[in-house]
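First chain written, first letter: the chains are A, B, C and D, and each begins at residue 1.
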Amino acid sequence: MTPLDSDIAHLLAGSLVLVSFVLLYQDRMFALLNFFAVHACVLALSVGWQAYLQRAPHLFITALIALLFKGVIIPVALHRIVVRLGIHRTIESVVSIGPTMLFGMALVALSVVVMLPVTQSAGAFVREDLAFALSVVLLGFLMMVTRRNAVSQVIGFMSLENGLVLAATGARGMPLVVEISVGFSVLIAFLVVGIFLFRIRERFDTVELQALDMSRGESA
Amino acid sequence: MSLASPSFLSQLAVTGVGLLLALAALGILAARRSLGSRLIYAACMLICSGLAVVALAALLAPHSRSEAIELTVGLPLGRTLLGFDPLSAAFAVIINLASAIVSGYAIGYGVHAREPQRVVPFYPAFIAGMNLVLLAQDAFSFLVGWEFMSLASWALVVSEHTSEDNRRAALVYLIMATGGALTLLLAFGLLAGPEGGYAFAQIRRAAASGAGPVVLILALVGAGSKAGLVPLHAWLPLAHPAAPSHVSALMSGVMTKVAVYGFVRIIFDLAGPPSWWWSVPVLVVAGVTALLGVLYALMEHDLKRLLAYHTVENIGIIFIGLGLALAFEANGLGVAAALALSAAIFHVFNHSLFKSLLFLGSGAVLNATGERDMEHLGGLIHRMPVTAVAFLAGCIAISALPPFNGFVSEWLTFQAILVSPQLPQWIPRLLVPAIGATLACSAALAAACFVKAFGMTFLGRPRSDAARAASETDRWSQSAMLALAGLCLLAGILPGFVIDGLAPVTQMLVGARLAPQSTQPWLRIIPIDPARSAYNGALVFVMILIAAAATAFVVRRLASNSLRRSPAWDCGFPDSSPATQYTAGSFAQPIRRVFGSVVFRAREHVVMAKPGEISTARLHVELHDTIWETLYLPIIRVVDVMADRLNRLQFLTIRTYLTIVFAALILLLMIVGAWR
Amino acid sequence: MSVSVGSVALAGLLGTPAFGALLLAAIPSYRVAAALNMALCALTLVCAGLLYSHRPERSLYLLVDDVNTIFLIIGALVGFTTSVFSAGYIAHEVQSRKLRSRDLRFYHALYQFLMFAMDLALVSNNIGLMWVGVELATLTTVVMVGIYRTNAALEAAWKYFILGSVGIGLALFGTILVYLAGQEHLGEGMPAMAWDRLAAHSAGFDPALLNLSFVFLLLGYGTKVGLVPVHAWLPDAHAEGPTPISAVLSGLLLNVALFALLRFRLIMAGNSAVLSPGPMMVTMGALSLVFAGFMIYRRRDIKRMFAYSSIEHMGIITLAFGLGGPLANFAGLLHMAMHSLTKSAIFFGVGYISQLEGTQRIADIRGLTHSQPLLGWLLVVGVVAIAGLPPFGIFTSEFLLVTSTFARSPWLAILLVVGLMIAFSALALRLHGLAFGKTDKHHTLPAWRLIPMALQLGLVATAGVYLPGAVVEWFRHVADQLG
Amino acid sequence: MTHEWLTQLAQAALVLGLAPLLSGVTRKIRARLLRRQGPSLVQPYRDLLKLIRKEAVIAENASWLFRAAPYVIFATTWVAAALVPTFATGLMLSASADLIVIVALLGTARFLLALAGLDVGTSFGGIGSSREMMFASLAEPAMLMAVFTLSLFAGSTELSSISAYMLGPNAGVSISLALALVALVIVTIGENARIPVDNPATHLELTMVHEAMILEYSGRHLAVIEAAASLKLLLYLSLIACVFIPWGTALSGAGVLAYAIGLGAYAIKLAALAFLLVMFETATAKMRVFRVPEFLGVALMLGLLGTIMLFVSRVSR
């Protein structure tokens, strides 16, 4: 593969990390949804590029899934849910944005550090790509734990999963990638439906469990 | 198994254990009707007698056909070896003898159990477990037997499960027993080494270099907690009385001996050559145990609890002997070591006899009156004459008074103390006399304790209607108790044979033995040298008989043999109400005042009626179990606090849990990142 | 010849539950379904039994070796006994209106599917496939945990779902990294995901990648194993779900997850340059052991209590494997087998108890040995067995573990013993309350329904006294591989 | 062999005959010191005979133990007393029962006496028994410690050997011996119910110990017990005599003359000790019951001290 190809790959992966930061930065629900759509699209581009590089047509399916499912369907669905549940005001995050961003930086640094010792034989491309993917994963995780709101946490989870897909596609010739992405889509569908069915506003952050435990005599 | 095979005796013994286990299984069905349980107990008696005989054969002819046999069952990676060597054989004789007689007692007594199906199946299992411990020649089967023994006895303790106290007793017992077993597990782990040579033979060959001290501590904790060494005795006075009396007899009279065996096996046999200072912790703990045990017993008004506490004291005496033996062996004083060791194991034998006897007696009393509290007993000597005689014999024996057996072992211990100036080191030299004083003190206090026990239970006037309505127990129980009493006397007047029987053990453990005693003229025993000390129980006994008979004869010739019965004089203030008698509490009061103020922080305060006020004056006594309060309660508190603190983690929110996961991930990543 | 038999058996092992799931999904009546469920489990058990003697040749996807045969057989056995127990349990739940037959529509289908997923995870030779198996099993159980539709049940299911999915993600990332590590040496595609090749060639892999991957795998699969600090879902899932599922969770799913972890441990073991995974596993194991021990004290719900006991034992096992060495590994394997048998048996008993007493509150249950002697004593036996007292198999493993540890790292052994004591005291404390005490209740329970419980406890007792030489050989062989 | 038997028998007879006389002597000396006439020396014999002839009256609920106890008490005390060399060493029995056995035999007697005190179930009997056992719990160890000192000093626990050693050349004076002597004297006072521990001559006093135990006895039983008591006193005095003032005691197998000398010496020693004892008694006042433990505790401490000194000073043979 020519340097240009890998540079494009890097660009896409890097921009995915960038969008993750943007997601982390958002404090408006609808904006968050839109930027997640962007996140998905960038992923789709990157996957498609990999498919082209690796001459692996089946990866196009993954790219397509990413584009349609995560880029369109899910955001729309979430949009309706948000309206339905009337939580489109603001996203009260546990930690304020500033520290969160700093911590995110630290996470990126960490992922780079842990990837450094990976030998060159793996190919510089794999190394950097993995570092990007890991950062996306960690940033998604960070988003999950810093947001109180169910929907934004689902988004965090999905961005985490985007990172996984990025890594999977980055790994040359890795089998089962398509199946995995399908599986994840199902998983996310579960999540969204769950939120919708159980009217979960704050359920991630609920104290109800404690209440229930009390009623079951589980309190100390 | 053929008589010629080199492991004939071991095969017999293993078969016996197997039979006992089979009995346990049978017991589940048999317990439904009283005849069934009677049969089970009878079978136990027979098997135990058989085992005792086998063990005796193995003991007296050490190298004849008592090789260990290897079984295909047991530890997957190890070998299971079962068999007798002199040490285990000697203890097996002691244990099975007592068990056999106790089982005989149970034939009559056992049918009174409220729920026999909770007792009968576990009783043979219990005995089987103890025998397994003795037969074991490798760490795994040793511990299996050990835990099995604890488990079966736990089930027996909790057999009267409806009372809250019994459940608590069982709980404390189970926990402490398991803790002890785990400690022994560590000890064996250290002895066996990383590639796990669990067979005793391998461990001996490895001879645990440098591991000695740790093993000593672990053995003291592990075996000591089972034996009831202070401060690990807490479970004992709870658990022993909670069980049915024949089981209490086994637990107190026999199981504690298995614990002693465990200690002897590990320290004298497996842990390699001792160094002199090992004896110091053993002696100190033993002395404290002896003194505190008897003091606790004196403060007790519950007959069975009193006996249980007194077991603690006797364990202390035994360990004093063991500690001395360690010191002597470490300094190469073979004969002295043999003397101390013989004294200790002799006392093991004696205690197994008279403590079982006393518990059986208390069982008979409990059965006849439904009372364990001495404050509600009294005057039983008139209604239960046979029990009274047997119990009296037990009391005299346990108070270490001639001509009974308790005195002989104590005498031997004193002799061992008197040769200890030969020790080169200063610390034991300073320590041993103090230990001797402790021993003497505890012996005297034991006498006081059993004057109280016998006097309050059997003498005086009945303190309750139950005691007034009591009646003698059944023939089985009577004969069992009389048999034990007879053995106590016999061992007291013919100690030579016992000492000779222990010779192979001392030969094996400390490589020396006492001079043969049973061949001495006039059946006397001479531990070291005739000019130094000698004791002739038989002769003393005969002399007392003659003297008493002569006196009685003469007095009868001179006296007017008329005898008149009249109300008690009592210095002219006779009072018909039994309440005016001395009670157990008032009997112990002087000693409580002398010793208890320190040990138990005992406080007495009298509440007098105010002038002009009509009310009775009251005497309040408060006793503290200092050890429980200073050692056990803090541990319990710590666990409680920890449990409360950690319990909060049960009620976090999902997001918090996610945060924890995230933190863990970051942490691990940083570790990996930091690692080069 | 035997080869073909083996492959047939393997096909049966995977096919029976898969096909059964479809079949059961089509059957509306839960009675018929329950009966069929038992039959299918029995069939699976037969197949698993056949694998004992006939091994199929390995492929890129499937592999039957010493390591997983044991767990296949135990899994199939527990699966079968649980299906028997479940039949009676479900019937009672329906009678007592706790469940409507509508809720049970897919219960048995899901049960079979769960079996399939776990068997798949066990026999897969492909780390991707293994991942798929574990995750499928997790998602299935999520649905089954929520079956009661009570708030608490939904809570538990939701918690399980969220934490589980995160675990899924982490595990996948780890798997990808392993693939990358392997890909350099084994070429792209399937071969680089075949476990046996990875394990064989791991010597030359890039240690940095392996380290990184193990971190993710440890946390990802550790979530399923229920290791502290990623255990949070486990107690609630056990407590709120139907008891048969609790039994399967504790008895099988935890084992399967740990098995997956072991596979990767084997890969790591092949490479000398890697940061040894031992310390991490030891730390998490010890943490779980002590933490769970303390947690048991404050539990008021009987199923939650035993769930924490499962965490404790998983901790012990992880610690053993982390420690390594033939004896410790042997102990760990034995402990896994024994624990799954014992714990599922205990959950059977707990299920009956909660049904008879009509409550799961420990405080409200007492004197079981009096009110239902057989059940009560079986519970006592179970707790004694799980607490690691002889003559039960767990004592054997704990004996080996403690003795071998103390000779190598005393402080760890002491910590281990202290942890064991803490947990044991807590269990003993609760046991005295449950099994003994004054009660005037008398429950009637047909004896045959206790057969599964008795059978498994009998097995454990036998194993404590005697292990067949063949089994010992397997364990030993595997233990040596684990290094 | 035979003359060992003879000595033993003579010894047994001697102590039996001498005991009442000893208490007679003490009473006489006491009375004289108090400027009283006092009873005649043979009065104790008369009392015993009188008591024996009297009809015995015992309480209704007294058990067989109550009636059997006096004889056993007397027998054990007598055997113990017969084991102490009085005028000659080398007794038959001393080779088969040493000093520890003597202490223990006295313990047996005390045990039975305390039980007898509890048997009728009166408050006085109880008081007596419980206090007796409390004293014993300190007196007995003190005695044993003194015994330890002696036997470590002489390298033997046998009285004959000990007194022979004391007679021998290499018996020096040692501080341990002095301590042991003091301890022994205190124990003697305590064990024989003498002032200041107890008062042998009182009744109806709440502090009485020995008398309270035997309160219910009368007639022959009382006689036997009194005899036992006087035997006990004799035992202690002759113990002190044979160990600490061994001079004149005939060694075994010595001629008739030696025996005669021994006999004379023994009489003198007894008289002297009795005088000293009574002197002490009359000089002191009876102490409160709970002062007694401190008194006896001193004895225990002294005995222990003596033993430890020997332990650290020399290697025993």
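Note that in this section a contact is a pair of C-beta atoms (placed from the backbone, for glycine too) under 8 Å apart; a residue touches a chain by one contact, two chains touch by 3 or more.
Nothing here was measured: the structure is a model prediction, and the numbers come from that model.
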| item | value |
| --- | --- |
| Furthest chain, CA centroid comparison against chain B | A |
| Chain pair with the higher count of C-beta pairs in contact (A-C, B-D) | B-D |
| Centroid spacing, where centroids are CA-atom means, of chain B and chain D in whole angstrom | 35 |
| Centroid spacing, where centroids are CA-atom means, of chain A and chain C in whole angstrom | 31 |
| Between chain D and chain C, distance of the C-alpha-averaged centres to the nearest whole Å | 78 |
| Intercentroid distance (Cα basis), chain B paired with chain A, Å | 69 |
| Residues within chain B bordering two or more other chains | 644, 647, 650, 654, 658, 665, 669, 672 |
| Junction residues of chain D, two or more chains touched | none |
| Chain A: positions in contact with at least two other chains | 114, 117, 141, 144, 203-204, 206, 209, 218, 220 |
| All chain pairs that touch each other | A-B, A-C, B-C, B-D |
| Complex contact set, residues of chain B against chain A | 644, 647-648, 650-651, 653-655, 658-659, 662, 665-666, 669-670, 672-673, 676 |
| Touching residues on chain A, where the partner in the complex is chain C | 114-115, 117-119, 121-122, 126, 130, 133-134, 137, 141, 144, 157, 160-161, 164, 167-168, 171-176, 179-180, 183, 187, 190-191, 194, 198, 200, 203-204, 206, 208-209, 212, 216-218, 220 |
| Contact set on chain B toward chain D in their complex | 378-379, 381-382, 392, 396, 399-402, 407, 411, 414-415, 417-422, 426, 429-430, 432-434, 436-437, 440-441, 443-445, 447-448, 450-452, 454-456, 459-461, 522, 524, 530-536, 539-540, 543-545, 547-548, 551-552, 555, 558-560, 562-571, 573-575, 578, 580-582, 586-591, 593-594 |
| Complex contact set, residues of chain C against chain B | 158-159, 162-163, 166, 170, 211-212, 215-216, 218-219, 223, 229-230, 232-233, 235, 275, 280, 291, 294-295, 297-298, 325, 327, 330, 334, 367, 369-370, 384, 387, 389-391, 395-396, 398-400, 402-408, 410, 413-414, 417, 420-422, 424-425, 428-429, 432, 436-438, 465-467, 472, 475-476 |
| Of chain A, residues touching chain B in the complex | 94, 107, 110-111, 113-114, 117, 138, 141-142, 144-145, 148, 153, 203-207, 209-210, 213, 218-220 |
